[in-house]
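Following this line, the structures themselves.
Heads up, the next two complexes both have chain A, just with different partners, chain B and then chain C.
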Partner chain A sequence: MKRRNFLKACVIGGATITLGKTNKGWASGSFEGYPEAMGVLVDTTRCIGCRSCEAACNKEQNLPEPETSFTDKSVFEENRRPTSTAYTVVNEYEKKASEGPVYRKIQCNHCNEPACLTSCFVNAYTKTKEGAVIYNPKICVGCRNCMIACPFNVPGYSYESATNPVVKKCILCYDTRLKNGRPPACVEICPQEALTFGHRADLVKLAHERIRENPERYYDHVYGEKEVGGTSWMYLSRVPFDKIGFDTTLSNDPIISNVKDFLGMVPMVLSIWPALFSGIHLLSKKEGHDDHGHHNEPGQEG
Partner chain B sequence: MKRYVKRGFSPVTSPFNENGDKRTVMNKLLLGLTPGEYLVQALRNPFNWVLAVIFAIGIPVLIGRFYYGLAWATSGSYDYPWGLFLGFGLFAMVPLSSSGFQLGTACEIFGRHDLEPIERLALLNGLLGYFFAVMYLLADLGQPWRLPYPMVVSFGPAAVLFLVAWHVATYLSVQVLEVSSAFFEWIGLPAGKAAVRRITLGLTVAGIILSTLHQGALGALFTYAPGKVHPLWYSSSFQWLHFFVSSLPGGLCMVITVSTIASKMMTWRGDVRFHKSLERCQISLAKGACMGIATYITIKLIGIAHDNKWSYLDTGWGQWFMLEIIVGFMLPLVLMTYGAHTKKIGIVRFGALLTVIGVVLNRVNTAMITFNWKLTEREIPPLREFIISIMLFATYIVVYRFILYRLPILYQWKAEEAVEPVTETEAALEPLPVRSRDGLPVGSYKSTTRLD
Partner chain C sequence: MPSFRTFILAALALSLMATQAWSTSLPDSVTLNQNGKLYKPFSFDHAKHISLIKECSDCHHHTTGTLVTDPNCVRCHANSSPTAVVSCKGCHSSTPFSPATLAEKREAKGRYHLDKIGLKGAMHENCIGCHSKRSQGPVGCQECHPRTKDGDAFYNADKQARGPAAKHAKSE
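Presenting the complex of A and B:
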């Protein structure tokens, strides 16, 4: 990843005076994902809220059995979020709409430039060339900065474990399926074909085609195409996205571009401060007064 | 202790006792009292009983946190992954500890030797604040035994936290060295003190760099969550500056507050120099803090204007914000300016206390109270989280007091004539010949630039 290397050089190098701020222009948002990255298009107009994706995920990832069965519709009474024991959840919105409610599946969106990845100080996250954002539990220290950083509030943490708590989130079935070219378990089980697995680039085209062919069926926006630099999971909806729980205030720049002002300033401070303050020290010393410096100038104040 | 002093007892201030014999380490640890006398004065102090209650409750809960896991001790929240341990312990303790580098700079770089009576207290305040911020961090981390990982196992150099980890670790060692000269005096190792003296300037400059960066970095951590922190506490362009600038008055006012407490609660420990110069030093610090607060309020308003967030002031969050900035910053600015001008020390001290509260409130607001302001549900940390936080803070006070009682922080060690070959004044100027020999001022700070 070119930009990460740039930052590496920027932070460690310390002497990159000519790089710093000027490079912000080309560095931010330049990474638009791997060309072969896969993704999933969620057509919420097709979803019937059967929760079979939740069940398939639970089985595939060997997660603990939930309190109520996956056919229980009472869970729709509250707004749920992914947790350490449920990597994907389906919520119900627009409950009173005449066209019927809208269901939205939530899981890790697998950003092109993940905030979790860039905020991690031990590099526990990896964006694979297949598009999945995976996590290495062996090096995670447990600072939970990734949970702070995630704009979609996705990562869960197994707080219950005293000896080995780790981050738990959807990994796009990377280990068991995606690596071998198979779609994730939730996509395979969906009876409504609400979930479409494919190359991300193709899915973007497909999404826009559906909107063009059926303009009255869709709100004219593909959520995830551009949000926070683009995500591998993208959504189509009948209603504006803020009505079904999406954060529509997110910028199109990846989260890391917010942080770059500061990161660019770091090598500047490292290189300028030593000379600046030593210089001030030299200037504040009077010639020939070296051995009477202490206790002699109580009058200076302010 | 007061009673012993009244009866004519004088606590340890030199390596020799009244008869001219060398004191043992044990004797110094007991402040020159016999074990029995020491125990009696400890039991007589009502504050120790309060501490005992806190530890009696807190230690089992802390053990429980490591035995049963974070879910047992904290809210274990997915939406608020950072609770009291970090929101208060890390984010509030660090700005209050910026005193070390500021007083170091004033005394060693700007040559403000009139502030020296309070310099060591400021350095110690910095060291302990950081040390306990790390203790809070260890209590919060899921797997604290992996804390060295970002240094040795796997690097995430694009992460702000990576900077924080490295800088806090380096800065802690710098501060240990800075405070160690007091320890060397006390233990009787003048060679160690002389060695530290020689690199003081390098250490001080390193302190400025590391402090600028990680005080700022703690703010920059929140730029990862642009939508989650309330806009009034967030500024994508200036967040690190807001944190850095507010840490300056925070640290200075913490020293004013701590020195006030120390001068009242352990009057016997301060020497004449400390007590005589205390008010003058505090007023100097207050003047510095006023400059800092004025700058902070200005850049805070610029931050709001920059992103045109004025309309948020008209909401409930806005009123909470105004309370923070008026009571925590504007009022102390007025009080300390007035107090410093009219030399009314009580008003200065009250203003300093308000500033400390203001800075803590600002950090807790950013990290916890206004975090996730768009979510409908707010979470209040559970009781056990409060208990552990209070217990760690009590430990901080105990360690602080333990060191102040013993090391020559508030008093001067009287050993020059007998043991030490160099006097205070000469030693302080050691760095100068080294530097002038080099010719180029930057040349002698290789140790500084190597730090990162």
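Presenting the complex of A and C:
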């Protein structure tokens, strides 16, 4: 093959790869979740802070015994976050409100376009068609990129494991329940039905209907409907969401939108640049050759 | 053509029959949580609640024929007659999120009551909601239904005393 043809092929091939990748990146910005994705609507106006969901999660996922009983209400004295041994926690807010405190269950929100998945360089994460964001602990190398990427500070890390520390989080009971169409353990145990399980698209409608029918009961916003591109878990509240620990500064764009333009350049840099610059380099050298002895070339090629 | 008197008599007879039917079928007590695994079954004093509240619709909505006042219900049930089934489980499903129930809901897109709470949720919301509003009656889990041995294990109840903040802990 002639050198010129080889270089041409390199450039064309590189450009094709680059364009292909970038188009895929652009398309992801308008992804609104799988049509059949399930979800959970958390109605914090119904939650009474019984912590049954925490106990159910602990048993379903075979997590280690808790430090204190799940009936211990003193845990509400501090603001907790999910850990590698407790995939869901309930916190208490508005402690001095005359209408009583507001309880908020925290777990992985199972984003439509998960930042953890985007950030994971070994592809340990999967967004299933049922809506769950699951991960393969066998692939996880424990880099904790996902912990930094998650806009909700959800993934926990098993620091206590010296040999194989991995990231751990709620998987929407995918293996044991969701896969078979059953609701997660926390939803099933909730005495107040503060957690409503169903198709995400239906839950969005249902949430707005609750607000419309009881405007005095709800703050007019469904958290998670649009935040970071939408999440499978969504919330209703009596008070503005920033008062019960939600980050209300998050954009409606998925986290991937912040990086995809930049990431789209990586294949270009990797494929086009080497070809382009070695091409320029070789061409400049070739010009040098031309000056000295053009008549030698047929002999070399033959 | 039937006279006005016949009409009144018929109406009276009907209402009498209805009252009789009610008094014979009204339970004085109902055993709730019959299949409870974590909490024991317990007896709900229906008679006491009737004498205290008097208004059936406070719990039974429109199903007993009493007029409802909730503007969301009045839209359709302003003149509702008593329904055949008035028990909670007659309308509120014990499996609100099972694949079968969800599939049924998806089919019935025209139905208004798509957001109908399940049986367990309906009872807890109704009981705890009213008890806290009136500051009267039990609101803690074990005040109504004591935990079973399985329940103790499920909630790791034995871990109560050992916690660092155990001195603040209330046993519900």
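As a working rule, the second predicted complex is superposed on the first by the 240 of 302 C-alpha atoms of A that agree within 3 Å, B and C clash if a C-alpha of one lies under 4 Å from a C-alpha of the other, contacts with A are read in each partner's own complex, and residues count from 1 in each chain.
The rule is short, and it goes like this: contacts are C-beta pairs under 8 Å (C-beta built on N, C-alpha and C of every residue); 3 or more make two chains touch, one makes a residue touch a chain.
Keep in mind it's a predicted model, so treat the numbers as computed, not measured.
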Figure out whether A:243 sits in contact with chain B (first) or chain C (second), or with both, or with neither.
neither
Under the stated touch criterion, which partner chain does A:208 make contact with: chain B (first), chain C (second), both, or neither?
neither
First, second, both or neither for A:187, with chain B first and chain C second
second
Which partner does A:197 reach: the first (chain B), the second (chain C), both, or neither?
second
Which partner does A:275 contact after superposing on A: first (chain B), second (chain C), both, neither?
first
Between chain B and chain C, point out the one touching more chain A residues.
B
One more residue to check, A:46. First (chain B), second (chain C), both or neither?
second
Mind working out whether A:70 is in touch with chain B, chain C, both or neither, as first, second, both or neither?
second
Hey, which residues of chain B end up touching chain A in the complex?
66-71, 74, 76, 78-79, 81-82, 105, 108-114, 116, 141-144, 146-147, 149-150, 153-165, 201, 204-205, 208-209, 212-213, 216-217, 220-228, 236-237, 239-240, 280, 283-284, 287, 374, 424-426, 428-429, 432, 441-442, 445, 448-449, 452
Residue ranges of chain C touching chain A (in the complex, touch as defined)
72, 96-99, 102, 105-106, 114-115, 117-118, 120-122, 124-125, 128, 132, 139, 141, 154-160, 162-166, 168-172
Can you list the chain A residues touching chain C in their complex?
46, 48, 50, 52, 55-56, 58-59, 65-75, 77, 100, 180-183, 187-188, 190-193, 196-199, 202, 206, 209-210, 213-214
Residue numbers on chain A that touch chain B, as the complex places them
4, 7-8, 11-12, 14, 81, 83-84, 115, 118-124, 139-145, 147-149, 151, 153, 155-157, 159-166, 247, 249-251, 255-256, 258-259, 261-263, 265-266, 269-270, 273-275, 277-282, 284-285, 290-291, 293-298, 300-302
